[in-house]
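The structure appears right after this line, and notes come after that.
To keep things simple, chains are lettered A, B and C as they appear, and every chain counts its residues starting from 1.
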Amino acid sequence: MNEQLIITILDYVGTFAFAVSGALAAAEKKFDIFGAIFLGFVTAIGGGTLRDCMIGNTPVAWLHNINIFYTIMFAVLVTFLFRTTIVKFFKALFLFDTIGISVFTIIGIQKGFAADISIPTAIMMGIATAVVGGVFRDVLCNDIPLIFHKEIYATACLIGGIAYVALCQFDYNGVAAIVAACLIFTVRTLSVRYNWSLPRFK
Amino acid sequence: MNEQLIITILDYVGTFAFAVSGALAAAEKKFDIFGAIFLGFVTAIGGGTLRDCMIGNTPVAWLHNINIFYTIMFAVLVTFLFRTTIVKFFKALFLFDTIGISVFTIIGIQKGFAADISIPTAIMMGIATAVVGGVFRDVLCNDIPLIFHKEIYATACLIGGIAYVALCQFDYNGVAAIVAACLIFTVRTLSVRYNWSLPRFK
Amino acid sequence: MNEQLIITILDYVGTFAFAVSGALAAAEKKFDIFGAIFLGFVTAIGGGTLRDCMIGNTPVAWLHNINIFYTIMFAVLVTFLFRTTIVKFFKALFLFDTIGISVFTIIGIQKGFAADISIPTAIMMGIATAVVGGVFRDVLCNDIPLIFHKEIYATACLIGGIAYVALCQFDYNGVAAIVAACLIFTVRTLSVRYNWSLPRFK
């Protein structure tokens, strides 16, 4: 099976998961259905939009892919209708969200390389793609962004990003992408299960 | 009278109204005069700036139109000097703000079409142009954005946006623009008068 | 000595200082080391990134200058390790921050002129370059931005920006840049020492 096809499918899965997380945040704050759509969009496309604006990939990617639009609308609608069920299957959401950051990190790095920027900044573009949507979501809800005081999150993206870049030296990018995305997924999952955290200011 | 000219005039009216609303928010939070100018600018140009950055219309529109600059400075100064009078004529402000979102929605959609993006995303560009400035204003004031928990607002833009796109199929854009802007104005005004609201999460 | 070289050196000093201020804010909020890196970056490159996106200078400047990346990482690391010492030498930080806004204002105006925008909007690009990183930092920490209720800050940038533009009419830009940056530095320093402030809404 084609690796780029796998990435594309996982991209929709990640978009769906992020849109659900935005809609759930809207639900918690008792926003109306429009607020849920707005927050679903910002969470799902925020990171990629910032990345594309900084790199100069304009119009930004999702403006030319109507399927992203439908994916997000569908995710918000599903959340609106079946919220209790979704919250009950919280582990499924965690699964989706983790797939989301895994794939978005790799896609961000690929777009960074395509724009011919240096390796460290390309890895940063990857991390930004994965985490910035959630930052926007939290700012709009008037909360301190989760990534600042939660378990390993961006760090998983960083580790996977470095692995991806290293693997690209030896192999063609397709396999590297899959392996690195799996690594992010694993680190994130283990960090939540075993409650890992980073050193903190004293 | 030329329709595009009407749109241009209303664009200044909208910019003026949004800048006043930013300056009033600054007044409520007891910011200094610089804070009022900053907030006036962000509210008036925030939506259009985000739209132009996402589409790739750079330098963004207001950087090449010095009259926008003067309009905003004038609006903030007027608010600073005659605040009590402005608050008393609150309905006049509501009028201006409603004209603002009506016109900004149509302008945003027009720019989306000019960038050759699909219809649903062009309508989103229109809504973003109309509402994002106010979102920035509220975030900077450390409030939860009004549009998330207020009466019909973005929904009026959505309805008008769909009407505009539909009318463009049958007619030349000038008349469609005026009719759609009037529709947004009407829906918003009626929704406030009769206290309409969207379904909410339970 | 070459004036542009001085500006370049001061640019790194300003970047360093802003990154430290971001990391200090992260420390105050008890974020982890990743949060400190994130906030250091946003504070140091936020203003320049917004400016470059609005003007259309993409990829934005720091994506092509790996030294900016290293400067910020170094600043955050230093803050993480020697926080108490840094806070004790608070005046040194104030010194750095003030050098930062002085230089960033001039660089922003130069980039505005290079993009062929009008004088008032170029000055605004200068002020945005200097202050927006700090605004992002405060929003992410869920605080009302400091510049809205603190001593003369952006006003110093405004005065220096006007001086720079005026001097550019008479002299070659290098000397104008140094003189204007010194003026910003002086106004800001005096305003803090003598507790100057702007008129406020009543």
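Just so it is clear, a contact is a pair of C-beta atoms (placed from the backbone, for glycine too) under 8 Å apart; a residue touches a chain by one contact, two chains touch by 3 or more.
It should be emphasised that the depicted structure is a prediction, and the values quoted were computed from it without experimental measurement.
Taken over every residue number at the interface, the positions common to subunit A and subunit B amount to under half, indicating a different-residue contact.
Taking only C-alpha atoms, you rotate subunit B by 120 degrees to land it on subunit C; that is to the nearest 5.
One finds 30 Å separating the Cα centroids of subunit A and subunit B. Annotation for subunit A: residues 53, 56, 58, 139, 142 touch two or more other chains. Subunit C makes touch with subunit A in their complex at residues 26-27, 29-36, 38-39, 41, 49, 52-53, 56, 58-60, 62-64, 66, 69, 80, 83, 139-142.
Within the complex formed with subunit A, the subunit B residues making contact are 53-56, 58, 115, 117-118, 120-121, 124-125, 135, 139, 142-145, 147-149, 153-155, 197-201.
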